[in-house]
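Each of the next two complexes has chain A plus one other chain: chain B in the first, chain C in the second.
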Partner chain A sequence: MLQHTRYMLPSLKLFLSILVLFISTSLSSQSGWTKNKGEFFGKLDFSRLSTDKYYSPNGTALITNVFNQNSLNLYAEYGLDPRWTVLVNAPIWRQNSFETTHKVNGIGDVRIELKYKLIKNNNYPVSISIGPELPTGRANAFAQSKTVAQERINLPTGDGEFNVWTTLAASKSLGKGYVSVFGAYNFRTTYKGLAFEDLYQIGGEIGVNPIKPLWINVKIRGQWATGESKHPELGFVRGDGTTYTLISSEAFYRFNKQWGASFTYLSGNDWLAPFKNIYIASFFSIGLTHEFQRKLTTKA
Partner chain B sequence: MKQLSFLSTMFFSVLLTIGVLSCSKDTEVLVDTAAPQGSFSATRSGNIIEQNATGSKGAVQIGKDSKGVDFLKFGSDFTTVLATGTVSVYMSTSSTFKADPGKGNPDLKLVGFVKSNGEMYIKLASSVESKFTHLILWCGSANVPFGNAELK
Partner chain C sequence: MKQYLFLSILLLALACSKEDSTISIPIEIPSKPTTPVTTPSNLTVLKSGKFNGANGYPSEGTAQLTKDSLDRYSIRLAEDFTTSFATGSVTIYLATSMVLKLADATNYTKLGIIDKKGMHNFALEGKPSETFSFVIVWCQPAGVKFGHAEMKQ
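On to the complex of A and B.
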């Protein structure tokens, strides 16, 4: 049986919905597998998004000044016992700017997730996870124009609200590969008394292991909103009512038992959900991974 | 005699203080030169048409106050998205933002910045030439229009 849990790498943040920023980077919780007790997987990755393609909250395509976002993301999973795994997704650095503005920096919103394996069979596991996302990012970060002193634009590194992701996922081993499907619901709250629309996602993933140290996967997911944004100040800046379809392909290579590297290509289309309120472009990310199995003592 | 001198001094001191305070009160009258003096008379007006789901709307007018100073007025129903940062206000020869910095932007005239929703006046340096038929709400950082209004 394949130990897929070792290879469920987190996907990177693809989009920025002027912020964007608010789309979860992690797809790791979107499989049925959990970590074994004492097993750790961590990843530090870097990505750079640069695009002038923006879709407004009503889906109109626009060409804007070029928007740039650099991200450094820390992701970790740790097995508490055979059924429980804790996951942390921490955007430890975000740098946002337009080509016409100076840069703003900050951390993003940290998500801490607890995952429980409902069906223990490792050939077709099913899990559920609850992931509160804390408003640790900068809810307002104004970037000054380079040309007009009085002009500035808000490019926050967090959405300023507390929200909770709930994910149900199932997986199946297929010889030297696997398949996973998931559904997720993001219960969003408010920012300064203004209520966000909730979001939900469905998606799937296929992975293969052509040679021992190499895993390759392709993923797709769509995101929809429960309604259109009722507050333009949320929709335009804080990712309210953002919808999209994301596809990605990732190669993960293990140098040894502890260290590895990943290379991910991400892009979007309208196969599942159309683009609304989002900056989008195809881009790459690179990551360094570390994993280990903590030695556990057993009582005599 | 000393007592009389002391009382005289006190009396004049009180008078002087009252006089100074009275003068101070006169000079404390503040004139908000950014707001129209007297009544505002509109010469052209229009309504903002929303662009790019920004919720922009409301009445706009250009005109003069009682002293002949030119102003742009946003009505009490004016709203746009201010969470994005600065929204610039341009006069334009059309509803489309046509920047041409190489020729000095002949089709555009930056007149101010929106700082709040609701009624607001922007003092204009001079009368708006008749060729400027539209007002444009513009996000300069992203290069995106938030709305425009034809002024008739």
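On to the complex of A and C.
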């Protein structure tokens, strides 16, 4: 029953990558559960963000020209054995633009994560994961103005640096539901010699299973930086010093044993951490899921 | 063996001595390297001002209203000028207020588009009205102000 929680997470990950352009988070590993050996779950998710609400690096709320982002995200997890699960998050398409510019396209930063179940009890599992994020996205993608060719703005699809998320998560079964809490730390490195502030997150999730094929969950998460950005001139381009509080609600419906769909509403507020250096809006994402259990041969 | 022991003691003593002397001598370290501002000899500076950042974006340096020996006026960003070029190009405006009102063209003159720090010169058609005393750094694609300088005599 509670294996479900692992499916619910990727779309919020996508939300994050949209909101801050490229900053990946570790939501995919933010429950205590891991996959059974040979068990696979995959999800293809689409989101579109359109907003003119921008919070500057010092937290000033601004109305800017409208920023648009389309994003297609591929997420997969596979159980290596009862304790180990490998997770891959690949933003396979990002399209960024302002209403005043042409569009730029590219892939995002791919993260490959290894998750280990520290406490095996399925009623209150605890896991830790390490997720290196590779700078596979376009670190610089200049979108030209529609009217004046010399005017351009950098709307990268990746942050240009190698970083590593470490996440500790715990979950608890509650009859037809569950609760999860987590803490995560993102060790960021450098881009062209510029060092970025590390990031950390705290969050929680509650899920219920009102009817057999349907799961509904609500999540909240805050992100903080270890200090003010030392490079405010970079603005949103590298996501340095980005902070926020996100809330989301997701409905996940299984059509059959292999296929399902998810629908997620995402928004933000300042309940935990204030908005800094981020474009934000409420929006929806839709996803198609696929899962199977690989037949495992057993020794005679 | 004794020689090594003596050498070790000597090195230790020197190291301690060096450390002590370092502590006792006040060292003045400039907080930030500054770029000297020079004005060509054929230019007269009529007004100048320092840039201030806006909306969390840093803008620094000097803006000048200059006149040359042929009575040609220009807005000059000096060698020490810099702003948030990591985001792309910025557009420089001469305006009547620190708030750029793009809907009212009588309030501003577009000077040019730049994508590098340092000195830039924007020729004017004539002497600007006294009310045009603000030089504004503007991120045009996003519509966000990165800073301004108020020029005074």
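To be clear about the criterion, the second predicted complex is superposed on the first by the 276 of 300 C-alpha atoms of A that agree within 3 Å, B and C clash if a C-alpha of one lies under 4 Å from a C-alpha of the other, contacts with A are read in each partner's own complex, and residues count from 1 in each chain.
Basically, a contact is a pair of C-beta atoms (placed from the backbone, for glycine too) under 8 Å apart; a residue touches a chain by one contact, two chains touch by 3 or more.
Note that the structure is a prediction, hence the values are computed from the model and not measured.
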item: Joint occupancy of chain A by chain B and chain C, clash or fit; value: clash
item: First (chain B), second (chain C), both or neither touched by A:Leu62; value: both
item: First (chain B), second (chain C), both or neither touched by A:Ile211; value: neither
item: Touching partner for A:Leu296 - first (chain B), second (chain C), both, neither; value: neither
item: Which of chain B and chain C A:Thr100 touches, first, second, both or neither; value: both
item: Chain B versus chain C as contact partner of A:Pro232, first or second or both or neither; value: both
item: First (chain B), second (chain C), both or neither touched by A:Arg152; value: both
item: Common interface positions of chain A, toward chain B and toward chain C; value: 54, 56-58, 60, 62, 64-65, 67, 98, 100-101, 142-143, 145, 148, 150-154, 232-238, 277
item: Sites on chain B touched by chain A in the complex; value: 52-55, 81-86, 88, 113, 139-144
item: Touch list for chain C against partner chain A, complex; value: 53, 55-58, 82-89, 91, 113, 115, 139-144
item: Chain C-touching residues of chain A, taken from the complex the two chains share; value: 54, 56-60, 62, 64-65, 67, 98, 100-101, 142-143, 145, 148, 150-154, 231-238, 277
item: Contacting residues of chain A [partner chain B, same complex]; value: 18, 54, 56-58, 60, 62, 64-65, 67, 98, 100-101, 142-143, 145, 147-148, 150-154, 232-238, 277
